[in-house]
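In the two complexes below, subunit A is the common chain; its partner is subunit B in one and subunit C in the other.
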Partner chain A sequence: MGNDVTMTIDGMTVTVPYGTTIRAAATMAGHPVPTLCWHEHLAPANACRACVVEVEGSRTLVAACSREVEPGMVVRTTSERVQRARRVVAELLASASDASLAPSLEALCRDTGAHPENWGGATWHQPVRDDNGLYVRDYAKCILCYRCVEACGDQAQNTFAISVAGRGFHAHIDAGWDRAMPESDCVFCGNCVAVCPTGALIDRTEWTLRQNGQWDDAAITTTDTVCGYCGVGCGLTLHVLDNRIVKVTSPPDHPVTHGMLCVKGRYAYQYVQQEEAAGED
Partner chain B sequence: MVRRLLPDNESVLPLLSEERWRARGYDRALAQAAALGPDGVIEWVTAAHITGRGGAAFPTGKKWASVARTTDPIKYVVMNADESELGTFKDRVLLSGDPWGPLTGLAIAAYAVGARDAFLYVRGEYPEIEALLKDAFGWTRWAGPLADRLTFHLYRGGGAYIAGEETALINSIEGKRPEPRVKPPFPTQRGLWDHPTVIQNVETLANVALVLAHDPEWYRAVGTPSAPGTKLIAVSGHVRRPGVYEVPMGFPLWPVLMDPDYGGGIGGSGRLQAVLIGGAAGTWLTADECREARLDNESLRAYGASLGSGAMMVFDDTVNIWRILGQVARFFAHESCGQCVPCRIGTQRLVEQLTGDRQPDYQQLRELGEAMRDASICGLGQTAPQALLSYLDRPALWR
Partner chain C sequence: MILLVGSNAAETHPILFQHIMKGVRRGAQLLVIDPRRTMTAAKAHEHIQLAVGSDIALLNAMAHVIIRDGLIHQAFIDRATDGYEAFKDSVAGWTPERAAAVSGVPVTQIEHVARTYARADRAMIAWTLGITEHHNAVDHVFALINLALLTGHVGRPGTGLNPLRGQNNVQGGGDMGALPDRLPGFQPVGDESARRRFETAWGVTLSARPGLNQSQMFEAMREGTIRGLYVIGENPLVSEANSGHIVEAFNRLDALIVQDVVMTKTAARADVVFPARVSFAESTGTYTNSERRVQLVRAARRGPGESRDDLWILSALARALGYDWPTVSAAEVFDEMRALVPTYRGITYEALEASRGIQWPCPSEGHPGTPVLHTRLWDEVVTPRVSFQPVEWVPPAEPVDSRYPFRLTTGRRLAYFNTGVQSRAYGHPDPEREWLELHPDDAITLAVGEGDMVRVSSRRGQVVVPVRVTTSVPPGTVFLSFHFPDETPTNVLSIDATDPRSGTAEFKAAAVRIERVNERG
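Let's look at the complex of A and B:
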């Protein structure tokens, strides 16, 4: 077939369509590679390097999330070089950032046998930024995956309120001159929160409940519905704890939203819970 | 001594004069290019085996051919004069001594690939070079159609080492943060504003002008079969006569340190300890290795080294190499853009390990260095641990 590429992954011959990434091909072959910064609805940022694989003939390892397969390509997803690089990536990240709400990073550490404690040194520890009513920024947890920047920018929201500033170890997400979010261009759609893999961006309600020890994943039920604000028809998932909505997301596979919402859909749900109170007056 | 790229010191013709341009043979070069046509120029450049002089040593003819054959009607050429590698100052010397060479090469590159816009990205700390190049743009009035058909755009670097990396340079010209892009696609496929782009180091373009001013056979008469031509070597540190020297590719390293025409002997204590070849991203050569080594990538490979940008930093036996490694680490930590994890956090950990009080674990350092080399996005992170790794490979340097 003219539109297919035949290549080898870990000794297995696989045939996939042109334009398939090594990551997708490896998943199809049953040899998935770990990812941190990759997100199904965002262009690959290539930043975390957790997904690196060995490609025969390539001097360095290759990011599987972005590299497209080529005919005859020979890929190894678990060679010694690959495993060493992945383990060091996990150790470096976990030695600098708080991974407690980052299941993908915790899994990478576990799967690679990482020992972040072997690296002392500077960390990302810093005060929580609590400057608006809708979400909290706890950058001690940030791994600089670029997802929030991409979602805020031309990958979803086209608001461009945040960007990476600074360089090297001091590179960080910034709304411009270290401004508080209400002073920035932020429109509070919360799509950055939706794509954050580490809890560095977290809805205020969830943050508060977690702070109070009241957040209980096991007790949360979800209800899918359609947003009632306008005629677009965004799919919503209401996360309910003790008969209160504590979080609103959109299914990543929803054809309208791809997981993205606006400020009303994501955050303006209080009226649902205030009807009863209003009726009692 | 061979003098090709660097004009004779006794040249009295004014630097930016048309007479000087002609005296250097660059009128012939442009006429020859026009006579050969774009394909013929690429054939000559390919036949001359010119390789990139910025460090990567990619075959120039191959790069041009891949841009020339794209169907995109808009193509660009870029002169990378963002020379920032530590110990590297050869482009500065070359441009201040013979600005016509690289400019002529740039016009030839544009003609060969079909570009109408030529960009010059000049290091921000080289204001005199910037002024010189701006003055030189007046040549379009008299240098003939190959220069006249071009629009020159001069961009000043903002002071980031990383902006010398070709894809970061593209982002910088586009007004973005100079973060390297993932390759592929290479700039030859998708470069400036997503159009196919040829990016060449200053010295590479000067070599192109020489080939067209003469012919490939003349060009190949010096150097090695796989790497013909000459190379500018920037010698600094403990030598009596630091400076930029032009040597044939494959020239022995030792006389560049010792010969009165070159480095003139070891300075400082007079006793050589080691040479860091290729800049901060380079490789240590011990004194014994320096006696045998030759200055071309093929022979340097035996030492795990490469010419890189052509920097040689010389250290006498009083220098604590470990402290130099700490300074190199600080440089890369400061210059890392912060995009990818191995470089962003790895360069920070290297500084901590190399400058801290604790005796570092060599095995742990090696693993970090190898992971950075293997998994970083661009050449900065990939080569940041190179000096350290080459040190770990050479117990003779340990103290």
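Let's look at the complex of A and C:
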């Protein structure tokens, strides 16, 4: 098969289609690598280095999320060198940020035996930005994975409202001159929120309920249905707590949306329950 | 190559626009024909900014150029179409120079768009209400179809003619026979064998005479031949053109029943309101989207109190009227329907449960559905062939003149939806109010600035609204949405010149006057 590549992952011989990434090949081989910034519908940003693997003949570790397989490539996904690198990645990120809503980062810390407390020093702690009615930015949780930037840009929404500004430790997500979101080009689709892996971007309803201790994952039911607005037919997942919609997402495998929505589909659901809200006043 | 005509997809179909931009990133050309420089037009490789209502002139000139320059798909025309010679004659006079004079689009740009469309390996046309909200809407659509027939850009992946549906189940409603002359599955009421099938299934006699479209119904209400009206999930008193005139029609009714989830302006006038109180989030059934994808709608929460869904209310009403309707589930209704509708026959609730939707036609169970329509046009023998439909440009019904010198065109904005029933009060940071989009040159002429209040008057009514000075509209054209009818009932201005074939009014072109009023917004 001319379009296939045969290579070795952790001693196993694997044959995958040409153009497959090491990450995808490792998943097929049953040896998945951890990821933080990688997202199934976004081009790899190569930002977090959690997915690094050892490739024989390569001086440096390589990012499995973006590096494509080559014939005869020999890859080790769990060597001591790989594990040490991942542990440092986990410790650096977790020592500077609040990982309380970042299950993938918490898992990386756990799986690598990370001790972020050993690092001390500065953190990204800063005030929560609650400047629009629909989502909240808590950049103390941000790990600069670039997912929001990519989703806002040419990977999905094509709005380009946000980017990474600053250098080194001062790098941060910015809508331009530290503007509030309503002053920016943001169209409030919330696709940045949908792809954020750490809760740094969070729907305002969820954030408020969490602040009040009322968010209860175990009590939330989810139902897949179809949006009630335009004729595109986006798949929705309605998250319902105590018979109230508290969050709307879209299934990542939905052929229409790939997990993305517009502002109406994601946020304009209050009319469904407005009469109850009025009754409670 | 993607040609959007009269569609602001970035605001009105944002997730579809993400797919379009994915295509652009892979090398597709995006050309947008629109009188306004919309968010969509700003993303295009080229924006063809034509005068409101000049579409047919432009499209006929594109056909003229394609024929003149030898860019037609001769083999496709020979095999799959009828009436080419007559069509060719009909556009012979539509030189790009003549269309440029009508549309304001430069000759070179008309030629460029025509050649780009014709020469593309695969080109698709998508349109929205900028095409269909004209008094000659159907002619606009024919003009687009003619281009696809000339070039063979139909019936293959990446080509085609795509009306982008504005509401979640416009397609499904039409599929289910919510059209005056159709039974479910677009089967004509005049087709005796189709009618017999439904008569047998339903145990009733059906009329072979087409019913009335919405505009005809309002006319019949004014004439007194319709005395009672049952409105389900619509707000015609604010959504229809020339709404002052619509109110007169409603005043003549003996009985008005409205079934809705909220107390709309139309519901407030009703003799009886059925508080459905069951939105999409509490309903079970299917929606069919613009790409004919039938998807399951599942209830996620309970409606309040003793609220009932539409199916329960309709069945209860039928029983109250003396008919012995059984209590049935949405799935049972669907099963009855698919037995009668060949295009839906193979779609079962089980198959929908196991998938993210199935695109009709799906003629038998296990059939995967049909992503691309009209592939039969590429068969060796095409029966029946498709006819070219020569159409002539005529201007909008209401010309601008010295008394009403501005062209008002209406539409939608990203954050809001139609008459605002669903989209008000969800916390969007945009101002929850209407504004008039006015070109800077016109702002100077009228001596108005950003935020100044102006009175916009047509022959039918007037509204007072703040100004937003913007180059999104060309000089002489102004734009309003109708999302805030309580404060700004835009449709008192719009004209109810209606295409008799589609029943749709010319929301896109009214003549208005603009005057400053001494009030700050």
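Here is the rule we go by: the second predicted complex is superposed on the first by the 274 of 281 C-alpha atoms of A that agree within 3 Å, B and C clash if a C-alpha of one lies under 4 Å from a C-alpha of the other, contacts with A are read in each partner's own complex, and residues count from 1 in each chain.
Heads up, the rule we're going with is that a contact is a pair of C-beta atoms (placed from the backbone, for glycine too) under 8 Å apart; a residue touches a chain by one contact, two chains touch by 3 or more.
As the structure is a computational prediction, the values presented were derived from the model and not from experiment.
Colleague: Record, for the superposition on subunit A, whether partners subunit B and subunit C clash or fit.
Modeller: They fit side by side.
Colleague: For A:Ala47 in the superposed arrangement: first (subunit B), second (subunit C), both or neither?
Modeller: first
Colleague: Touching A:Asp185, do we find subunit B (first), subunit C (second), both, or neither?
Modeller: Neither partner.
Colleague: Determine, under the contact definition given at the top, whether A:Ala122 touches first (subunit B), second (subunit C), both, or neither.
Modeller: A:Ala122 sits against subunit B, while subunit C stays out of touch.
Colleague: Figure out whether A:Leu238 sits in contact with subunit B (first) or subunit C (second), or with both, or with neither.
Modeller: Touch partner of A:Leu238: subunit C, not subunit B.
Colleague: Check the contacts made with subunit A and report whether subunit B or subunit C touches more of its residues.
Modeller: Partner with more touched residues of subunit A: C.
Colleague: Which value, in Å, gives the least CA distance between subunit B and subunit C in the superposed three-chain arrangement?
Modeller: Between subunit B and subunit C, the minimum C-alpha distance equals 13 Å.
Colleague: Go through subunit A and flag every residue that touches subunit B in one model and subunit C in the other.
Modeller: Shared contact residues on subunit A (touching subunit B in one complex, subunit C in the other): none at all.
Colleague: Okay, in this complex, where on subunit A does subunit C touch?
Modeller: Within the complex, subunit A contacts subunit C at residues 132-134, 154, 156-158, 181-182, 187-189, 204, 221, 223-235, 238, 240, 243-245, 251, 253-258, 260-265, 267-276.
Colleague: Sort out for me which residues of subunit C touch subunit A in the complex.
Modeller: 10, 12-18, 21, 25, 43, 164-171, 261-262, 277, 279-282, 287-291, 293, 295-302, 304, 356-357, 414-417, 421-430
Colleague: Applying the document's contact rule, which stretches of subunit A touch subunit B when the two form their complex?
Modeller: Per the touch definition, subunit A meets subunit B at residues 44, 46-50, 52, 60-61, 63, 66-67, 81, 84-85, 87-89, 92-93, 95-96, 118-122, 143-144, 163-164, 166-171.
Colleague: Please give the residue numbers of subunit B that touch subunit A in the complex, ascending.
Modeller: Per the touch definition, subunit B meets subunit A at residues 160, 177, 179, 182, 184, 333-342, 344-349, 352, 364, 367-368, 370-377, 382.
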